[in-house]
Each structure stands twice: as C-alpha cells, then as structure tokens.
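Provided herewith is a single structure, encoded as structure tokens, for subsequent inquiry.
Chain IDs A, B and C follow the sequence of writing; residue 1 opens each chain.
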Amino acid sequence: MGVTERSKKRVHLWKKAVLHFLLCFVMGFFTGFAPTGKPTFTRVDSSAEKQYNNSMVELAPRPMLGVTGNNRSLSETPESAVEETESEIEIEERKQIIVISPTNDKDPLRGVLLRRMADTLKLVPPPLLWIVVESKMESSDVSDILRSTGVMYRHLVFMENFTDHTTEMDHQRNLALKHIEHHRLSGIVHFAALSNVYHLSFFDHIRSTETFGTWPLAKLSTKRKKMIIEGPVCQSSQVIGWHLNKLKMDTDELPIHISGFGFNSSILWDPERWGYLPFADATKQNSLKFVKQAFFEDESKIRGVASEDCSKVNIWQLHLSS
Amino acid sequence: MKQLSLLQQATRRSNSFRSLDGGGPDGPMKSPATLFWIILHALCCLISLVLGFRFSRLLFFLLFSSTTTSPNSSSSSTITVPFFRTLDTRSTAILQPPIPENRTVASRVVVGRHGILIRPWPHPNPEEVMRAHRILERVQKEQRLQYGVKDPRTVIVITPTYVRTFQALHLTGVMHSLMNAPYDVVWIVVEAGGATNETATLIAKSRLRTIHIGFDRQMPVSWADRHRVEDLMRVQALRLVRDRKLDGIVVFADDSNMHSMEFFDEVQKVNRVGALSIGILVHSGDPNESLKTEKMENEESSLPIQGPSCNSSESLVGWHTFDARPYAEKSAVFIGDIGTILPRKIEWAGFVLNSRLFWKDNDDKPEWMKDLDTLDDESVESPLSLLKDQSVVEPLGSCGRKVLHWWLRVEARADSKFPSGWVIDTPLEITVPAKHTPWPEIPPELPSIEKKEIATEQNFVEEHTVKRPPKTRTKKRSSRSKKKREARVAEIQLK
Amino acid sequence: MEIWKWALFLVAVILLGEMGIDAKKMSQLHPTERISGSAGDVLDDDPVGRLKVFVYELPSKYNKKILQKDPRCLTHMFAAEIFMHRFLLSSPVRTLNPEEADWFYTPVYSTCDLTPNGLPLPFKSPRMMRSAIQLISSNWPYWNRTEGADHFFVVPHDFGACFHYQEEKAIERGILPLLQRATLVQTFGQRNHVCLKEGAITIPPYAPPQKMQAHLIPPDTPRSIFVYFRGLFYDVGNDPEGGYYARGARAAVWENFKDNPLFDISTEHPTTYYEDMQRAVFCLCPLGWAPWSPRLVEAVIFGCIPVIIADDIVLPFADAIPWEELGLFVDEKDVPNLDTILTSIPPEVILRKQRLLANPSVKQAMLFPTPAQPGDSFHQILNGLARKLPHGRSVHLKPGEKVLNWTAGPVGDLKPW
C-alpha cells in the first residue's frame, strides 16, 4: 500500500467522519426542537383538554409533568423496564366492586368469618374495595385481622349503641353508604354478610351491573330439610318474578336478601343522573332506605346479573338455627 | 431537570445509533486500530448529536425564557399548556392568585393566595387504577420474598369430602384459603362414593394442582361411621403421597376448616411431625340466631381449643381435647345427622407431617414411624396412631397458644337435597295467580298455597315464586297495591 | 483544519453555555451537596471529639419555668428545642470551659407559648430572645467577640426566627436582627425564604419516638393502601377563602382524589393511624402553613414512601440524607396528576425506595429519643455544626467593629421582657 494511497484513504475517512458528525449534530439540533410535551410519566387526556379549553385558565406554565427534584433514581431504571410495564398494562379494565360488611362484636365467629371473607375477596381480581364497619371498641381484633389480609379495605367505626340487631346492621350499612357518598366512590356496591360464601365467578357477574343487579342466593340451614332460595326469576337477564320465602312482606322490605342485590354507587351521589330525585330530607339520613326505594321504584332497571336466567347459585348463606 | 432527563433520552437514542454506525460502512476493517477508530468515530458522532441537541435546547431556552417569565412564576419553563381549570371553593371567579409585590425572588414559591387546581376529568383513569393494583401486588410479593419463609416446601393438603348440601359452601371456603396460601400447594381431594363431576367442577376452579381420587365406600349416615370412613380416606391419600413420592408437608384440611394465612407460614416450620391448635366453633354462624343459644351457654368468648399443651419450658406435655360435657345435654340439637357436629377428641386437622416419613425405602425414615402397610386400617384414628412414640411431636404456633385454624362442622340433614350443581330449574308453567306483584302486602289466600305448603313437606326445597308479566306495571308504588294484576306463584322443582 | 477549529470553538461555546445553565439550575435545586450511594455514610458519624459546645447558664425563666407553665410543650411538634437543651447538658461534647468551645448554645424555649388549642403563638419570643442575648452579652465576653457568629439557637417554629405565625407578617418582620450572625437550627425549610437563614441547620419536627415504637407492626404486613393521608384539606378557621392554606395543594388533593379508592384520604384521625401508614405504599406529605409536616418523619419511620408536595422545601439534614432517592417530590402544580405520576413509577423504583427507607440510619436521624442514641437527630445537629468548623475568619470581629444594630426591628420587639 503506497503512502499516497494511504493518505488518500485517510482524507477520505476524515471527510466521512466530519460528515457523520455534522449529520449527527444537525439531527440532535432538530431533536432538541421537537416539542417537550412528551412527558416521561404522563399522558395527557387530550379529549378532556380540548373540551375544557375554553373554560380553562392558564395558571402556571407546565413545562413537564412529573417529579421534581432529582430524578436520578428514576432515570436510573432502564428504559426497558418502563416499556415492559407499559406493554403489560394492556389488560382489561374492570369495574370497581365495593363490598360492604357490617360486623357484630357479639358474634363469636366474627374473627374467623372475617378471615374467610378476606380470603375470598383477596382472590377477586382488582379493583375491589372492602368497607368493614364495626362499633367502636376498647379492644378489637378486627383491625389486626383486616391488616393481615392484604385486601384494600376501609375500616369504619361508630359510637352509637344499639339494642336491636337489625337496626344496628342497617346503621352500619348506612354508615358505609355515607362514606361512599362523601367520597363519591364509584363502583358496584354489594352488601356482604360475613356468613356468606361465594363462588368467585359471582364477582365477575356482578361487574356487569348497570343500575341494579340481582341474583339468586341460597340460604342453608342445618335443621330444615329444605334449603331456601331467594332472588329473581329471570328470562335471560330480565327479571320477571321473585322467589319469595315468605308471602307476607312489608312494603319497606326487599323481596330478597340484602346480599341478593347490588347497585351502581353513583345513584347515591349523583341520583339525578339516574332519574331519581335527590335525597329528600327524610331519607337524607338513611341512604339504605333510599337505595331500597330506588330499587322498588323501577323494576325495569333491575337486571339479573348472575349467569344465564339467574339460575346458578353463586352465594350461600349459612343459617344455622331457626 | 427536564434538560437532564431529555439528555438521557437523547443518549439512549444515540446509543441505538451507535450500534448502527459500528456495523455500517466501516465494517470490513478488522485490526485493533480500525476498531479503535470506529469506536472513536461513533463516540464523536454521539457527542455531536448530544451537542446539537443541547445547542438547540440552549437556543430554545434563550429565545423563550424571556417571554414566558411571568411575575408569579419564576420557574424556567418553556411551554405554556393551558391545562387546568381553576376553581375557587365558592366558585367565584378568582382564578389568578394575587401577585405578590416584594416577595422572595429566587424561590418560585409565591406568598399569598393560590388557586386550587381541579382537573377537568373527575374520575380516575381505569388503566391507572389497574397499574396501581399491580404495584401493590408487586410490593406485597416483595414483602413475602423479603420477610417470608425462605426456601418454602410444597404443602400437600389432604381433604376428604363427599357430595352433600353443604359441600359447596364448605369446600369453597377451604379452596379459597388454599388459593391464597403463598406456597406451592398439591391438593388431594378424596371423595367418598367415587369421584363426581360435581366435586371436580368445584375444585377445578382453584387453579391449584389437584389430585381428585374416589373412595369406594359411600359416606355412611351416622357420625361415628363417617369419622371412621374419613380416617380411611385420609390413609388412602397418604398411600398416594407415598406411592407418588410427593415431597412436602402433609396438611389435613377438612372441608369444614377455616384457615388463617399464618397457618401456612407456621406449618413450614415443621421438621417431621407437628401439631397445631384448632379452635372449635360449636356455635352457629348466624349472629342473629346464635346469640340466644350463646348467652345460654354463657361461656361467651372462651373458644374451645384442641391441640398441643406445653409446660413452661415450651415442651409438649399433653393435649387439650375438646370437652363435650357442656354440650352433652344439648344432644337434642347436636346429635344425629343434623346440626352442628361435635369434634372427636383429637382431629386430624391439628397435625402436619413431613411427607418423606411415608416414603418407602427412605434411609432416614425414623424408627418411631409405623409403616402404612403394616397398619390395620381400622385402627388409624389420628396421626398419633401412626407414631410409636408421641414425644416426637413438635408443637407449633407458639406451642399451641396461637390458634391459626378453626373447625366448624355444620351439616344439613342427611336427607336434605339441593339442586344439582346449584343450578335452579326455572319453572316453566306457573299456576297460581296472586293479587299483585311482586311484593304481596296480604298473603294471597289461595287454596293452592296451602296445597303447596303441604307439598313442601315432602319436598326438599320450599319455594314461593311470584311471577309477574314483564313490563306491565306502572312505576308508582302506591298504585301498585290498588291495581289488580295477575301474578303467579310458582313452585320450583329441583331435582 | 479550519473546520476543526470552528467545530472546537462551537463545542466550547456550547459547553460553557450549558454549564452556565446547569449551574444555575443546580443551584436552584441542589444547594446542598449530596452523598452518593446508600444513605448513612455521613449519618453514622460520631460528633464526639469533633466539636465542643458551651451551654450558657440562663435563669430558669428562659426555659424551665416556661415549660412548667405548659407541659404540652414536651409533646408538640416543636419540642425539639427542649429536648436539645436536655441532651446538650449531659452530652460529651459539652464543655464547661467557654474558652475551648467551638459553639455556644443559649437555651431559650422561644416556641413554648401555646394557645389553648396547642398552637404556638410566639408573640413574646422576640423580646425574650432579645433579653437573653442582652444577658449573655453583658455577662460573658463571647457574644461580643463575634456578635453571635459562633452561637447557635434552636428556633423550631414554623417561620423560625421570624417569630410570627402568619407567613406574610413573618416575612415582613424578617429574622430577628440580633440573630443575623448566629447559626439557626430550625424546622422550617423553604428555600430562599426570608425566614430561612443561610447556613441554617434544618431539623425534623419532633414526633414522639416511644409512641411510634409502640405501634410498630410486623414488616410482612401486606401493604394494601396505595396512597395514604390523614389531615386537613381546608383550614376553614384560619383560611375561610381557601387557597392560602397549603397554597391550595391540600385542597387540590381532596378535590381531585377523594373519589379515587386508591387514595385513602380523610380528615379523620383513626386510632390505627400509625399502623395504616405501615401498610401504605405512598404517604402524602403536603405542606400545610409551612412546608414541612410531621408526616415526613412518620413516613420514614414506618417505611412508607413520602410523597413531598411542597415546592422548594429544604428537608431535614438534606446534606446527609439522599431525600430524592428515599422519597418522591411532586410539584404543587402537578397535584392534579398525582395518580398518573404515582402509577407511572416503575415497581423497581418503588421497591428500591422501600429498601432505602428500611435503612435504620435514616430512621434514627429523624428521632429525638430520650435518652439519646447514636445517630439520632441530636447527633445529626452536632454533625451539622461540626461540618461548619473550623470557623471562617469573618466570624471574629475586628476590635471595635460592630455589625448588629440593637435598635433595629419593630418597636414592639424592643420593649423589655
């Protein structure tokens, strides 16, 4: 290889290199001008943005959403990890289920039944929120038990004393409904007595509730020869009748067990949307009554949400003596 | 900050370019010098890319910062995106916080009134909710990894069962506990009277490794006989453990047990044979109704416990057994084929065993272990009958003081029936008209009701079904009672 | 080669420009140096032998008598001033010989003046402080030697040595003129704020250590709360209009996230408050009237990742604790996007933060235990003071030089105490 040849080649190489550098520089230069609105952590809900553009007021410049301070630790993580989670996320979005469980401190089985219920709820795919209500006690193991379950729960306590069991249970349910109302939590509300046992598929079905949903429930008792089924009689998902376990009913009473129906929580905090009058003063203190009344009001809104024709029993209730 | 992260992005981006460059036109040169050259070249390319990027950012910064620096925000932001609608709490139109006069200059924080930022979309993004739940799941998993049992063993669960009214209720409860146990579980379900589809469909939902085997005897009616048959079923399962050389901890979970999650952590501690305390729940599960009986028994929360008993130095001295005496007089309630069933003196569920104890030709098989084949099947009443020496039992759960699982054995009457697979047969023809539907305020006085009541005496399911013709009601409740409409009471046949 | 020269020049210009910007930005964001690697390198330092502190003997009306009047001062968030005094009295760094002292400490309980609600209203504090300084300057030669440049004061109130509970008034007043040269140990940490003195040592608020210990639950208790917060969102009593309190940030948290089940937020203080923090992944630590809040200490102790919402906050011992790695900083203006921000963090990052939070050194540095323990907040304060040694030349005044203006400040402050 001759010297000239070599130097020629060198010049060639240099030229090439400089060209590359310049290209890269220009590329970087223009990348810099690309809009920075691509935040690392957030997506902007553009439709919402558009919708509110007129009414919105510029408050503060928003250079970039996210975490200020040092992102060292954040940027440390390899991009791949972020992307991985990103792609993983493509899973179905589910409706929230809000399970309300009143408890009774006189029930010797409370602790055990709470654990059993927690086991079931832990297996329900999220999102699920469990609202457990309890009368305020000096010492109670309810908090300890709930804490160990890993279920997302809210533990509400109340001070009032009750002598009547039914009134107390209703008060507890009301308290939970008040919580939902106050926080405007959205989801399908279900009252779960601790003595209930569930098929997991129940929770899949209940998610399809729009306004009101109902399903059959089997009451099991030890000494009777018979078992009792309460709930709707359906034609596909249309409710056409009810299985009644007694023929005399107060108008105030539901035709079914309280665990036999569920409803969309938004009727509590946004009743107008569903065509209900907002709470009258009389019912203001009693959300449960309101829900029951709303349930009565219009049966066309009730859907049987269990499997085909509401024929599959997915809830059992243990009912020992009578 | 923004610049920093963008820089990193750019660097990442250029990393990918580098690889392209390296494998590009300069490819064929192979000597170390050329290799060095390529690397240098790529590096310089990278630098120029970054420099270009930064240069543009610099320009950008210089150009725009002067225009956007407003008195109330000294932050060096570049783009202004109108994003939030501000709402005063009283919805008066105070949107811009008053501009302070002589405040801290260098800090971007403003003293005085600020707007309350409320975003236009009111509800959480469902995708983000799912993401949050994933994070929680991950965190909980990490906690288990970090603080949980290291090198956990498989848990081999043996459950005798048979098809009956309460089976779904009981078995589902146990199944859910097993599904939550953070260990590998092999679930051996022994079914009296042979394996049925009913049980199979039930346990198939567990997604656990299940071994479903049939037992060739029917479940007898009397409780004493049932206990004996169940013993045999458990021994059969143990033979299966031996024959398949399953490795792990054998746990006896009856379908009427309820477990605390701690139970599964605790059994991991067993070396060979362990014993745990069981809480015996003799009360009914319905708080409504159990209160009365409970008060009568006036031992309100003293939960009877069955399990190992230790002395002060934490060594096993004996057994707490279930004292049936207080319940003796209540035999009317508890005996026979109905109602709550009292436990025996020592239940299998209180024991855990290392499965290797059963393996054949296992060299370190201890002498005190009886061989399954040499046993007279009828004599095995509890795991203690498998041992020649009871002192080898290791008491678990803080020496039995911690109750981690419970026993609530309630059954329906043996002759009670239930719909197969718990699917209700919807009645096709409905005969009984009712005054109005769906909630009768006066019981319809109809002869057929009487007939029905009588009929239910022989029937297993009592049903009053009121049907109404769909979509013919008015919406007002008050008018409902006045209108005479046809409704029909139906009887449901379940077979 | 022309092109190369040109290119080099360009490179140089850009680099210089960059450095300029970065330095500016960095100075805004990172005024303090950070340790690299895991927390605790500096936290584990032992201050003994590195400095000597002389504690002035003051009449008990400046400290003990005030405490006797209101024992609540021992438990509220500003109790550090009392515990620091007690700690120094028995500490091995204390010297009885003022000649060999590196630092002088004047024990004045300036915050211990509480309303019936337990809120400190330090209206008398300026006069008390002034009176104390007058006393030490006339009884000992050391104040006049430096006019306080080698003295430190513990002023844990919201706006530190500005001694007013309302921010605007506090800013108007500024730091007490007599403390211009002294080193302040304060809880308040608002960067570039009139009331945060340069060189001040920012400390955590006082949180009762025994009480927190008593509520510890096993670390394997599954964390089932995504975001946790208990406290006020609106301070209707003091801020009926809304928007002043917490600069509107807490109100924004409530308005945007009350309906989000992932956000366990409420104004009610449950009995299980401490336990709940231990089963939460993120704990919100938004500013209140001042940027700091005791939640920060609680979050660290209970291993819940603190989400700090307080623009330009200076965190306790920020020169020793890598707060960005332990916690999460969210701009006040980004509060409406909290859910997006928190759910976008890769799980690995969250787990790493949790591991760092599990580090006992950081926990220890947040507490004022009695008796003191190695590495606790007391020791970190001393470490901070020791790192300021040796004193610069400017500390000692030239003979006859006077810097302090004894007659500056509002007239009300000049009245005798």
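Here, a contact is a pair of C-beta atoms (placed from the backbone, for glycine too) under 8 Å apart; a residue touches a chain by one contact, two chains touch by 3 or more.
Chain identities (UniProt): A, B = Glycosyltransferases; C = Probable beta-1,4-xylosyltransferase IRX10L.
What you are looking at is a predicted structure, and each value in this text was computed from that prediction instead of being measured.
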{"item": "From chain C, the most remote chain by mean C-alpha position", "value": "B"}
{"item": "Chain closest to the assembly centre - both centres taken as Cα means", "value": "A"}
{"item": "Rounded Å distance between chain B and chain C, as computed from the means of their C-alpha atoms", "value": "44"}
{"item": "Interchain centroid distance [CA atoms averaged], chain A/chain B, Å", "value": "16"}
{"item": "Cα-centroid distance, chain A relative to chain C, in whole angstrom", "value": "39"}
{"item": "Junction residues of chain B, two or more chains touched", "value": "1, 51, 54-55, 76, 84, 115, 117, 119, 123, 125, 129, 131, 134, 136, 140"}
{"item": "For chain C, residues contacting two or more additional chains", "value": "29, 221-222, 224, 226, 259, 261-262, 311, 333, 337, 340, 344-345, 347"}
{"item": "Per-residue multi-chain contacts in chain A, two or more chains", "value": "21, 40, 59-60, 62, 68-71, 85, 96, 127, 148-150, 152, 186"}
{"item": "For the chain A and chain B complex, residues of the former touching the latter", "value": "13, 16-17, 20-22, 24-33, 35-37, 40, 44-45, 48-49, 51-53, 55-64, 68-71, 75, 79, 85, 88-89, 91, 93-94, 96, 104, 106-110, 112-113, 115-116, 119-120, 122-123, 126-127, 148-150, 152, 165, 186, 194-195, 197-201, 216, 218, 220-229, 233-235, 238-251, 253, 255, 296-300, 309-314, 316, 318-322"}
{"item": "Partner chain C, residues of chain B touching it in the complex", "value": "1, 3, 51, 54-55, 58, 61, 76, 84, 87-90, 94, 97, 103-119, 122-125, 128-129, 131-132, 134-136, 138-140, 142-144, 146-148"}
{"item": "Complex contacts: residues of chain C adjacent to chain B", "value": "10-11, 14, 17-18, 21-22, 25, 28-29, 167-168, 171, 190-194, 218-224, 226, 234, 241-244, 247-249, 251-252, 255-257, 259-262, 281, 311-312, 332-333, 335-337, 339-340, 342-345, 347, 350-351, 354"}
{"item": "Contact set on chain C toward chain A in their complex", "value": "3, 7, 29-30, 34, 217, 221-222, 224-226, 258-259, 261-262, 264, 270, 272, 275, 279, 308, 311, 323-325, 328-331, 333-334, 337, 340-341, 344-349, 352-353"}
{"item": "Contacting residues of chain A [partner chain C, same complex]", "value": "18, 21, 40-43, 59-60, 62, 65-74, 76-77, 81-82, 85, 96, 98, 127, 129, 143, 147-155, 157, 182-187"}
